[in-house]
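The following blocks contain the structures, represented as structure tokens.
Both complexes shown next keep subunit A, but they swap its partner, so subunit B is in the first and subunit C is in the second.
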Partner chain A sequence: MLTSLWQGKTLPVLTVCAIITVFWYLGSIWLNADMQRMLFENNGNPSYSTAELIEGTLSQEKPKLPTPLQILAELNKTVLETAPTSKRSLVYHGSVTLSATLLGFLIGSSLGMALAIVVVHSKSLDRSLMPWVVASQTIPIIALAPMIVVIMNQFEVTGLLPKAVIAAYLSFFPVTVGMVKGLRSPDPLQLDLMRTYSANQIQTFLKLRVPASMPFLFASLKVAVAASLVGTVVAELTKSEDGGFGARLLGGSYYGQTIQIWAALFAAAACAWVLVSLVGVVDRVVTRSMGARP
Partner chain B sequence: MATPVIDASHLSLTFETNDGPVHALSDVSLDIQKGEFVSLIGPSGCGKTTLLRVIADLEQPSEGAISVNGMSPHKARLKRAYGYVFQAPALYPWRTIGKNIALPLEIMGYSKAEREERVRKGLDLVKLTGFEKKFPWQLSGGMQQRASIARALSFDPDLLLMDEPFGALDEIVRDKLNEQLLRLWEKTQKTVVFVTHSIPEAVFLSTKIVVMSPRPGKIHDVITCDFPRDRTLDIRETPEFINVANRVRQGLREGHSYVD
Partner chain C sequence: MKFHRPLILLAGALAIFAAVSPIDFGIDGLAIGDHLWSRMVFSLLGIASLRDSQDTPQPANAAWNVPFATLLAAVEIVELAHMDGARGWGFFCAVGAVWLCAWRSVDIIVERTPKLGKRARFMRILAPFVFGVTLLVLWEALTLSLGVPKVILPAPSAILFRLVTSVPTMAADFVQTVQGIAAGYLIGCGAGVVVAILIDRMPFLQRGLLPLGNLFSALPIVGVAPIMVMWFGFDWPSKAAVVVIMTFFPMLVNTVAGLAAAGHMELDLMKTYGASYRQTLLYLRLPSALPFMFNGLKINSTLAFIGAIVAEFFGTPIVGMGFRINTEVGRMNIDMVWATIVVAGVAGSLFYALLAAVERRATFWHASYRQGA
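Moving on to the complex of A and B:
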């Protein structure tokens, strides 16, 4: 049991978790101490002990750095104890974010694959499109997001779609780059083989390039799905009236609700982890069926 | 005399590289008759693989004429006149052995039933029955190369082009595969063009040995080798075998001498 823990990932991960937690608490005490001293003095209690100070730093209402326990309590409250339909529920906000994320991921990865297929088959499009694809990612999404929302609003496209478009903007890129590399990964020998059968371009594409690109595709889909979530959260900063993790982050920072911000961050990270893991599961199933070594 | 399977006259091929032109083939003339087993032997850079690739329409000659089955190599390729076995097995790793052998059949539009039948026969031919569902990495190098031979033969081409197919294998496996290849050739009556740099392999397998020399790649000597078709590895000990081998070795040496 113990050896399997050591050989697996569980124990190393837990160890790192424990170390982070220790430093986190130290950080909380250090960062919140000034505020706590001020609180004690304002309350006419200048003769506090160190223990009282530390205890105080760990239970502030609006700490600079909330403790993990405070964040977990907030998560417990907003995930488990609040009705999922309530605007105070993180489940509600999570579902808003996830729906835009998934739609954006769908649009982005389809677009990414389509672009890759086009680029691989046309030298001129490769030369003319690829620089733009790369350039598209040099623009900070946070600057672009409001404009996309405004412009799409002009065409009366509102709701999920503008956010999904922003998510897609971030997620198509890794898919294009990965898929282009994947579709070009067959070696000359494998391509020559197709020529000796006088296979046409479509056959070579379907029977050689596509299967060869799968490992590359899944690696980039993992990046893309996480990027899609980031894009959605950024979009929600602009379009906060619909809710979502981004709106929670924004609301938290308006009112100095640091615990709420951290809880939303943790929830977003957990969602991203689940999404990446899901892609990983599909990856494993597909590549196993394609003869990958277990 | 019937039309030769391969008829090359005065073939030249020059690759333009950054270091200037490389004369891979220079004035190569050769004809190969139906049912022959012809080995192209020579040191690296003598153009033996290039010649094979010209026959397969994977390279275009700069000068000269060549016909395969009486037509241009391009037409012959479109008619799927030959099966090609590369130096590496080049099995697609995402396909099982059976599916790899079926690949050309899928591309050429054979029915599912026909594919299954031919895969079964192919596996039997190269003694891989039972490995149909295995993936390439689960097989040894020799087995992989056998699978690639079955793949090249699956659509029953009359001409088999082999580019150092056993070059990466150890000698024991190579001997065994050489014997199997001979039996296969005997059984199927194919015409085989076989590139190698092993003298015993060339002498053991061939009805005709084409000795090539490098820079520029040209034919130095053509040696006929008329051991019976049902020869076994034992003939390598006979004086006749050693004689032919010596002639090949001498040809290779002479080929080298006027280069340096």
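Moving on to the complex of A and C:
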């Protein structure tokens, strides 16, 4: 039992988490100490003990680095104790971000898959367009986000769509690249086999290329869903009036509400993790139904 | 594939039509008689594409007629688009013809690309180049001739003009942002490698760090930007800090994977030589980890740009590429935004290309470079 724990992943991960937590608390004490000293002195209490100082650093209202407990308390307050319809609720902001992320992810990944199918069947597009798609991976296309929001605003396209467009174009490129790679992955032997069966192009595509592309597709879908979330959050910095995690981050940085920033960050991280795991679950179901051996 | 035939036939018809239609409603009104040179070029394009659409076998040197005529016509429509007044339907027919013929030109280039050799390499660059130039020509011709407002989509020439006329601003922005990127990238990647080597002898910690590192790379880490701005101030160190956090884990994960990549045979050989841990690390395991490390470096090159630019959205001194994008968007100077994006994009891909070139030199022995060369 103990050795299996030792050799598995659970215990090491927990250990690393514990180490991070310890360092986090030390960091909180160290970073918040100056502020706490000032607080004590301003309150006319220059003779404080070290214990008081440490206790103070862990419970400031606007600490430089809030403790994990403070963040959890804030999460508890804004997720569980606030009504989900309230603008102070993280559930509300999360739903704003997630709906734009998911809409954008769906648009972007479907377009990416469609383009990949076209590219695999057209040599000229493959040679002329694909280099640009690949090159687009090396440039910070997220810099386009504020401009897209503002321009779409001028056409009076507001609400979900501008953010979804940004999420879509961030997820589009990785899906195209991954899917093209996947559709090309069958080796000549397998393609020859299909030819000996006298399979036509559509049959080869549906029975060989598509199943072969699934692992590549899902690997890039995981990247894409994380990228759409980042895109949506960045879009929300420009378009903060609708709420969302990005608006929460921006608001927190305006008013120095560090606990609020960290809580939004943790919530966004949790959402990203859930989205990536969901794609992982779909991955397992789909590849198994297509005959992948576990 | 014969399905290009109706399209190229259509292109020919459009070009001939353009050659005899009103191209330009000048300031004074309809002017059919002038633009003789444009009309000649458009007829040339029409003849070339109509001949290309025929089934009859053609002499080998006729293959490049369409691309050449397309090039001439593209220059012509850009020039016409820049004139005052409104364009006639002949102009838009010419734009359509150029688009279709450019498509066909890419086809011709791809068909005629040999499998190997210097010529093949040139043609392989030519195809995407022609595609990109076509896009720019259409963008330029349509935004100018349709009078698309500058605050929505400026023409490429306007963007280029802005880029050239505001070199000092651009240079200052670039230096400001690249400072943060360079410092953060070096520290982040360096720390990733160092930590990977430190925990190399602790498989327990590795098993704990790897899943966390993989999880970390899926998280929206750019969100720490406002916190880093609070900690390190508005200037570039806060951007460097964001970049450090973004680049550390990908580098760590890749280096750990790379250090495990040395084969059993090679490790056994080192053991028979009586090599120490340090010698094995230096002469075998680090070199064989290089392909993985370069993979991490390449992933991080994009992440570093993203991190620094997004961090600048949260607050900077009044300089920097992210700051420029954010403020000029607010002032509706969209051409300045595009110019900054061009600089960021070119810098990003140049840095990536540099890494790829260094990788080629450093890991020439790796399987992915050995074949075909």
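Please note the rule applied: the second predicted complex is superposed on the first by the 277 of 294 C-alpha atoms of A that agree within 3 Å, B and C clash if a C-alpha of one lies under 4 Å from a C-alpha of the other, contacts with A are read in each partner's own complex, and residues count from 1 in each chain.
Here is the rule we go by: contacts are C-beta pairs under 8 Å (C-beta built on N, C-alpha and C of every residue); 3 or more make two chains touch, one makes a residue touch a chain.
Nothing here was measured: the structure is a model prediction, and the numbers come from that model.
Of the two partner chains placed around the shared chain by superposition, subunit C is the only one that A:I139 touches, whereas subunit B remains out of contact. In the overlay built on the shared chain, the residue A:M290 is in contact with subunit B alone; subunit C does not reach it. If you count the residues of subunit A touched by subunit B and by subunit C, you find the higher number for C.
Legend: residue contacts after superposition of the two complexes on their common chain; A:S253 is shown touching subunit C, with no touch to subunit B. By the touch criterion stated above, A:A226 is placed in contact with subunit C alone, subunit B being left untouched.
Once the two complexes are overlaid on the shared chain, A:T15 sits against subunit C while remaining clear of subunit B.
Of the two partner chains, neither subunit B nor subunit C is touched by A:T85. Residues of subunit C that touch subunit A in their complex: 103, 106-107, 109-110, 113, 124, 127-128, 130-132, 151-153, 204-209, 211-212, 215, 217-220, 222-227, 229-231, 298, 301-302, 305-306, 309-310, 313-315, 321-322, 325-326, 329-330, 332, 334, 337-338, 340-341, 344-345, 348-349, 351-353.
The touching residues of subunit A, when paired with subunit C in their complex, are 6, 9, 11-17, 31, 64, 123-124, 127-132, 135, 137-144, 146-147, 150-151, 154, 222, 226, 229-230, 233-234, 237-238, 245, 249-250, 252-253, 256, 258, 261-262, 264-265, 268-269, 272-273, 276.
Considering their complex, residues 189-190, 192-199, 203, 207-208, 211-212, 214, 290-291, 293 of subunit A touch subunit B. Interface of subunit B with subunit A (complex): residues 56-58, 77-78, 80, 82-84, 86-88, 90, 92-96, 103-104, 106-108, 135-137.
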